[in-house]
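By letter and in written order, the chains are A, B, C, D, E, F, G and H; residue numbering begins at 1 in each of them.
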Amino acid sequence: MDKSEIIRLLEQYSRGELKLEETAEQLLASGLEEMGFATLDTDRHRRTGIPEVIYSEGKTPQQLADIAGRLHAKGIPILATRATREKYEMVLKQIPGAIYHELARAIVYRREAHAPSKKYIAVVSAGTSDLPVSEEAAVTAEFLGSRVERIYDVGVAGLHRILSKVEELRKASAVVVVAGMEGALPSVVGGLVGAPVFAVPTSVGYGASFQGLAALLAMLNSCAAGVSVVNIDNGFGAGYNAALVNRAPAAETEPR
Amino acid sequence: MDKSEIIRLLEQYSRGELKLEETAEQLLASGLEEMGFATLDTDRHRRTGIPEVIYSEGKTPQQLADIAGRLHAKGIPILATRATREKYEMVLKQIPGAIYHELARAIVYRREAHAPSKKYIAVVSAGTSDLPVSEEAAVTAEFLGSRVERIYDVGVAGLHRILSKVEELRKASAVVVVAGMEGALPSVVGGLVGAPVFAVPTSVGYGASFQGLAALLAMLNSCAAGVSVVNIDNGFGAGYNAALVNRAPAAETEPR
Amino acid sequence: MDKSEIIRLLEQYSRGELKLEETAEQLLASGLEEMGFATLDTDRHRRTGIPEVIYSEGKTPQQLADIAGRLHAKGIPILATRATREKYEMVLKQIPGAIYHELARAIVYRREAHAPSKKYIAVVSAGTSDLPVSEEAAVTAEFLGSRVERIYDVGVAGLHRILSKVEELRKASAVVVVAGMEGALPSVVGGLVGAPVFAVPTSVGYGASFQGLAALLAMLNSCAAGVSVVNIDNGFGAGYNAALVNRAPAAETEPR
Amino acid sequence: MDKSEIIRLLEQYSRGELKLEETAEQLLASGLEEMGFATLDTDRHRRTGIPEVIYSEGKTPQQLADIAGRLHAKGIPILATRATREKYEMVLKQIPGAIYHELARAIVYRREAHAPSKKYIAVVSAGTSDLPVSEEAAVTAEFLGSRVERIYDVGVAGLHRILSKVEELRKASAVVVVAGMEGALPSVVGGLVGAPVFAVPTSVGYGASFQGLAALLAMLNSCAAGVSVVNIDNGFGAGYNAALVNRAPAAETEPR
Amino acid sequence: MDKSEIIRLLEQYSRGELKLEETAEQLLASGLEEMGFATLDTDRHRRTGIPEVIYSEGKTPQQLADIAGRLHAKGIPILATRATREKYEMVLKQIPGAIYHELARAIVYRREAHAPSKKYIAVVSAGTSDLPVSEEAAVTAEFLGSRVERIYDVGVAGLHRILSKVEELRKASAVVVVAGMEGALPSVVGGLVGAPVFAVPTSVGYGASFQGLAALLAMLNSCAAGVSVVNIDNGFGAGYNAALVNRAPAAETEPR
Amino acid sequence: MDKSEIIRLLEQYSRGELKLEETAEQLLASGLEEMGFATLDTDRHRRTGIPEVIYSEGKTPQQLADIAGRLHAKGIPILATRATREKYEMVLKQIPGAIYHELARAIVYRREAHAPSKKYIAVVSAGTSDLPVSEEAAVTAEFLGSRVERIYDVGVAGLHRILSKVEELRKASAVVVVAGMEGALPSVVGGLVGAPVFAVPTSVGYGASFQGLAALLAMLNSCAAGVSVVNIDNGFGAGYNAALVNRAPAAETEPR
Amino acid sequence: MDKSEIIRLLEQYSRGELKLEETAEQLLASGLEEMGFATLDTDRHRRTGIPEVIYSEGKTPQQLADIAGRLHAKGIPILATRATREKYEMVLKQIPGAIYHELARAIVYRREAHAPSKKYIAVVSAGTSDLPVSEEAAVTAEFLGSRVERIYDVGVAGLHRILSKVEELRKASAVVVVAGMEGALPSVVGGLVGAPVFAVPTSVGYGASFQGLAALLAMLNSCAAGVSVVNIDNGFGAGYNAALVNRAPAAETEPR
Amino acid sequence: MDKSEIIRLLEQYSRGELKLEETAEQLLASGLEEMGFATLDTDRHRRTGIPEVIYSEGKTPQQLADIAGRLHAKGIPILATRATREKYEMVLKQIPGAIYHELARAIVYRREAHAPSKKYIAVVSAGTSDLPVSEEAAVTAEFLGSRVERIYDVGVAGLHRILSKVEELRKASAVVVVAGMEGALPSVVGGLVGAPVFAVPTSVGYGASFQGLAALLAMLNSCAAGVSVVNIDNGFGAGYNAALVNRAPAAETEPR
């Protein structure tokens, strides 16, 4: 709750529109939705211009469907990541029209499609096995209103693959780079573009890849300057960040 | 065996109530119950005012039931943690009336309910996926006689959730905080209250959470002073510690 | 800021004792003291009953002295941990009468001595090299009003050393156990007492102790139930927690 | 080299303005400056709109001064990070007017000051010890044309410190958050703002902070969505990324 | 694309054999085969004299078969590693005559057998459990035209086993050594021969072998000079390197 | 092959009992039994007085049975560790009379029972879950001719359990101590006895036990002097070492 | 305190030779020597037949000299490990005749030389840099009455070095093997002898040796059966264990 | 000792040229030079065609000079790596004419220069800070008779730097690639050439580079096939391996 909101509440209270106890409560707990097993942050959409996204792992299908239903009832668009098909089917009962992206393991629902942004982000992957994570990034960014260009399987062992795409990369307002194994691709891309690069290490690999640790460390140590990193396999986080960068002024996007 | 007990034994021996060999044996091995595969510490209840709790993992259903039965026969209240339903059913045959807390995976039996304490502890969790660990903490503290206030799904990404509970938190005599992922919640709570905070990292998360390591390290490095930490997913340990703090003088609790 | 404080502010505002802007500001930023390089939390003393403690590492002597002086001017008792003698001498210029605990590397100043508490905590150390950390714990607890019993160099390789102290240990309201190397002592103590044990791993050792990691992991995996753990070499944290447990009802201590 | 550049070269060749061998060479090695111990990427300024920044560690003062001088001679603005005062003095001989930011350990030279951007980024730090890294971020962003708001020492153990700055944070186009120890601050900030948060773990802390590893892992596992992470103590990287986000359309900035 | 190729293209363009746009395209993207989910590097065979090898993990049977079929259609010999029998059967439909090496988990197809090289490499394994990895190395080297001598189960705990093979080892042009557990064998072999030793740590072992980490670290620290290391269980990589060393001058091998 | 054996061979050669080639072969490869997938060290029994023991993991039932059969045919006693019941049944076909120790997962066969040694070793375990590893140690030592005293479930959280067994421990010629979790028991036992203690960390525990790493590190850092450590869960290794210490002079044991 | 001692005390008490309080005290605290900063275990010599050894690191010269002096006054032989020359000189004032082993960094004093044992242990080192640790092992074993054969710089990269010593190794009653880098030597030695091998990893090496971790892991995973391991650089521990094995029956050694 | 050598010895013995005892000794210990603190492997030059190289760290200047002098006296060429200037000066007294490579920290002496090989190896470095390690590789390879092409400071953040050198790289018979930070360069080079690539991770970097661990893991996980890896900062090992590959048939080099 920022200062302007506090002042608005105080004025309401001052005008007698709010009682004392009521004012205190609202100063304390606005934008919360208590569900016993969950406390929804329904205020986030207003606060940050972005709806609360549901991380499905560790929630039962019923819990997921209940949360999605509650948000939906408040008119908030739905994105649920890491969802199985089973969970999707439970959500579908609450939100007819919800869509399931199989590869990205994501459930999406928007009341009305928005026109894709003119500016776009690029999602780049090193190998075929990185596709699920790449798609999670792409679907997330699209959910948040961004146009996405996909450039897949262009790892550094065959450099001319990425070099043939430089022009397309240079025009993106942000780039997501997804790679496992030695995680070298973000450094190469970071040296080619002037936009922020969000690097996603994946758990693709074996042995000393240690489930993505090798790629993670490589990306954190990138010798290219404009590279920041999200958690292993966190396509969602990278797509989210890229979409934040790509967003036109607030008025253009659906929220607010 | 402390000094007063030794003196009591020596006086008995001195008065001829105990033979030489007998006295030596008792000085050596009081309070042990040998079962072949297990050596029960039946003395703990008297020694520390708290009954021996059974950790069920790595024990067969039969072994668990035998141990529980033996303690039960001595009038010792039963708490068995990390128990499957299958194990519970085996215990139930020995201890009719034993209760199974599904979410907490705990078997509990007390001969007579004790009135809940006036003072209470708070069990706080960051997310919905942290519930099983949180419930293990709550059930353990309740078993040890504490009243428990549950405050669930109030992680730091929506701060107003925890801020709306400050008053309730400040009145607790100890706080258990359960969180996975980045494990930031104990630091926030530790800055808000003046009671000891027992932090439980959970294995909730993926990638660089390394099965709870990230949360564990974060909690150990908390910049808030009154925070101590137990093992990953060790809800039992935190509930136990909080209950120790909450205990009124010895006379009030059932043991002794 | 909890609900009663908000209500008090609203009532003042309602009675015209506070202006609108003023009320909003106070709702936002009470108890802050901005110093450019530092933002003091002068409200903590009131909020938690415990004054803000200064961690001296990474602060210049001048910064430390300025912060200590500012708190001192507000009548807040001073504890600065991890302070060198050089820093102490700078503080001494601002706070004549400040005391330096060489072994504990702590600067302390209280306006008036408080009578030591009747209840006490025990600080137990495994070896002679663990003394600086043990003293940091002891001095911290004493600063917070606790009586402290020191039991030093009683590691598990000569068990009768700790066994001869059981009676004294059992009467403590909380126990701090400090150990490096294999960190086994907290498990042994935890099995002997019914009070909470706060374990401090130290960086004492070499090779596979990995600067205290071995002891840290051992303590986190303690098979004794009432053991929680603080950071490696964090005597302060353990002493602080033990003192929280030992505190008589709020009225008795100096703060508030 | 992108397609339009290749076409331009081919046309020159076609018109006889470039010889065969010459064309091949230019297709191969444009924008390189070989210095024996270094191969400068003088083309980067044109390629990405951002000049090559010099990382000073592991370079002798003479090497650093030679590289800086060579770039300077080509009219490229200078930023050298992690530079000692001794290295600065060597650079000063080559580039009179170069400025040394002591706290940030950065050497800066721009031919002409640019007006600060209207939009700004915020640099937030958890503690006083995080200042050098924070300043490196701030100086870097300013070098790249961004206005910077500094919000220092507002760690999570005294939440009202950061809460009193929410309004200022919400208006920033990107936020850099610098924190050591448990690294919780980015999650809290990430939950409060709708702009991308670039988190910088620092090596501030001791024991189980493992020189910043604890903070790094915490930030990678942030439960707040818009958080990405750079290397431990890499203030430069975060300031660079934030400035990329903040940049107005290319025309506005000095480069190109 | 190296200089001679660029010159050849420029000359074609100069002679009008290539149009402007066409020349630019070819300079950019020669030797690529885009398949949506994969971007094949069909140029590698020409570029390095070695065909692209397919890593099968993380690819669906259909994807694998499609990629193999596409390469096969271009006359490129096929090696697919880490392939299950199920995947093999899918490939077989596209490439009748493809062979499956069960133990090595490799699919192989060459249009015509090449005579085995006169020079040979040796593949040495420490234990029976290291056989699958050893066979992957052997099959890879044979695919690349090398004769292979297999020396299996000659670990260091019974030294005379490896000592009885010294003569055979000394004549090899390169040696692959495969070992799990403590990974000592490459050091012993490295001390006996004058050819390069490519060491492969395996995940054979338990407990503190940490899935091959112990063997990996041991091999990296080998006190014998001519030892280099590949990833854990990476028989393919070691066989590949050994075959590169063993290759006669380019003219002799099938490629080019 | 030691000097006396070489001299014996040379004398045979000198007397013409051995041909030149033959002598060279025997100098190279005595005591080897090549089986393709395995190279048996049949000489070990003679060389070290202890038969080769078979580690069953990673071997197929057929391979195990073939190896066991081959050793059996040479009159060598059989111990196969980490064997499943399925593998046992395969071995049984080759060696009727072989015995399977279910808990220890060990197959044993000796032609004739040896009288148990007068001296004995003690096998001590901390908890019930450590029994399989403890039994592996005990069965191994018995196979090698040692009498074994088992002292189980005497972990440090109830010290009187181990204290009541001191007399028995002090008479052992070597002690095996098996513990998971914090691994404190070997330090306690090491302080009580004057015989070598072989410590076995187990993977019993969860969270920060990291599959036995915590116990391993604790044991390596034991503050008691006479403690050495074997791999996690390596009951075999500890039992083997203890039996080596317990062995009476060579003449007494079956081998040689 | 074992049973026979308890019985002896009870009989004294029974005969009136000991008072009640006195008996209780003796049952509690026999064999302790409290020094404020240290609690000496003067009973160890009697209890285990081996005197308490002083670990000098982390003790001031004065503390070390006081402890040594106190033990010396009780007629206990002195061994202080990891001692600097400066500490030695302080000890020398209290114990004229104390000897300093420079390479081993050990202070030794025995009232009377004992004849070296007939049986001997071997101390084997892989490289020249391993000498200080090797000498610590040798000096410790000699202090405890063992004859020691030193076999230095015989690492596995030149196998014939160790092979030429087999006869000498096979006659030792225990072998200490000291190695850094890949730590392969204990496996080789373990395969050659029938006595227990105590392996000492050293911190000799660089890079991925991680200060001895590589050697430590290698040794724990030794494929040779009779190998147990002590802490990195812990020559003392290995020498101590080897001497325990080598000891003739109790009567023969000086203690008791 | 291989079979032909054994046969030669046996024939000498048979002809009476060698006595029995003498023959046995020679079979055991040929090619050893015992120096007390060191056991030289003077046979290596003959055995592998490559002289023993001296690793100087952990040796005193006097020990180094003695070893170098002893090898020199036998006519063996000298290479001592990781040598300080102080050690060089001590060696110079024994071997006038020895040369010191300051940057590579290597002492070299060859009786007569050999003509550089026609074939060459390439040594490639990512950054200026990688020069010392790169030079160690280059000097080692030159010592072993290889011509070396140096290609320095061509890291992946400015790809055209390495791309402009492709022609030169493709002609090398082996390539050494030296890189710190994210260690991406070997993957890029490995994709461009058909010769074996020996990758050297360096400790250049900070924070999450963990002294070269990040680069090491990246290189081990290289998606390019022909890459093998040596220890962190081990320029010597990579240069040595590359030279082994580059060696013409034995007759051409100086040894043998």
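Heads up, the rule we're going with is that a contact is a pair of C-beta atoms (placed from the backbone, for glycine too) under 8 Å apart; a residue touches a chain by one contact, two chains touch by 3 or more.
The shown structure was predicted, so the numbers you read here are calculated from the model rather than taken from an experiment.
Asks: Can you name the chains that touch chain B as well as chain G?
Replies: Both-contact set = C, F.
Asks: By mean C-alpha position, what chain is farthest away from chain G?
Replies: Chain centre farthest from chain G's centre: A.
Asks: Select the chain at the greatest separation from chain E, using centres from the mean of Cα atoms.
Replies: Between chain E and every other chain, the largest centroid distance is to C.
Asks: Can you work out the rotation angle that lays chain A over chain E using Cα coordinates, in steps of 5 degrees?
Replies: The best-fit rotation has an angle of 90 degrees.
Asks: When contacts are scored as defined above, which chain pair ends up with more C-beta pairs, E-F or C-F?
Replies: Between the chain pairs E-F and C-F, C-F carries more contacts.
Asks: Please report how many Å separate the Cα centroid of chain A from that of chain F, as a whole number.
Replies: The mean C-alpha positions of chain A and chain F differ by 55 Å.
Asks: Starting from the mean Cα coordinates of chain B and chain H, work out the distance between those two points in Å.
Replies: That pair's centroid distance is 59 Å.
Asks: From the mean C-alpha coordinate of chain E to that of chain G, what's the distance rounded to whole Å?
Replies: For chain E versus chain G, the centre distance works out to 50 Å.
Asks: Send over the residues of chain G in touch with two or more other chains.
Replies: Residues 1, 3, 28, 44, 127, 157-158, 163, 191-192, 207-209, 213, 216, 220-221, 225, 231-232.
Asks: Please give all chain pairs that are in touch with each other.
Replies: Those chain pairs which touch are A-B, A-C, A-D, A-E, A-H, B-C, B-D, B-F, B-G, C-D, C-F, C-G, D-E, D-H, E-F, E-G, E-H, F-G, F-H, G-H.
Asks: In their shared complex, at which residues does chain F touch chain G?
Replies: 1-4, 41, 44, 47-50, 53, 166-167, 170, 191-196, 198, 216, 220-221, 225-232, 236-238, 240-241, 244-245
Asks: Under the definition above, what is the set of chain A residues touching chain E in their complex?
Replies: It comes out as residues 127-129, 131, 152-154, 157-158, 160-161, 163-164, 204, 206-209.
Asks: Please name which positions on chain C make contact with chain A in the complex.
Replies: So the residues of chain C in touch with chain A come to 3, 6-7, 10-11, 13-14, 20-21, 23-24, 27-28.
Asks: Applying the document's contact rule, which stretches of chain H touch chain A when the two form their complex?
Replies: Residue list for chain H touching chain A: 126-127, 155-159, 163, 181-184, 187-188, 190-192, 205, 207-210, 213-215, 217-225.
Asks: Considering the complex alone, what residue numbers of chain D touch chain H?
Replies: My answer: residues 1, 28-32, 36-39, 41, 43-44, 57-59, 63, 201, 203, 211-213, 216, 231-234.
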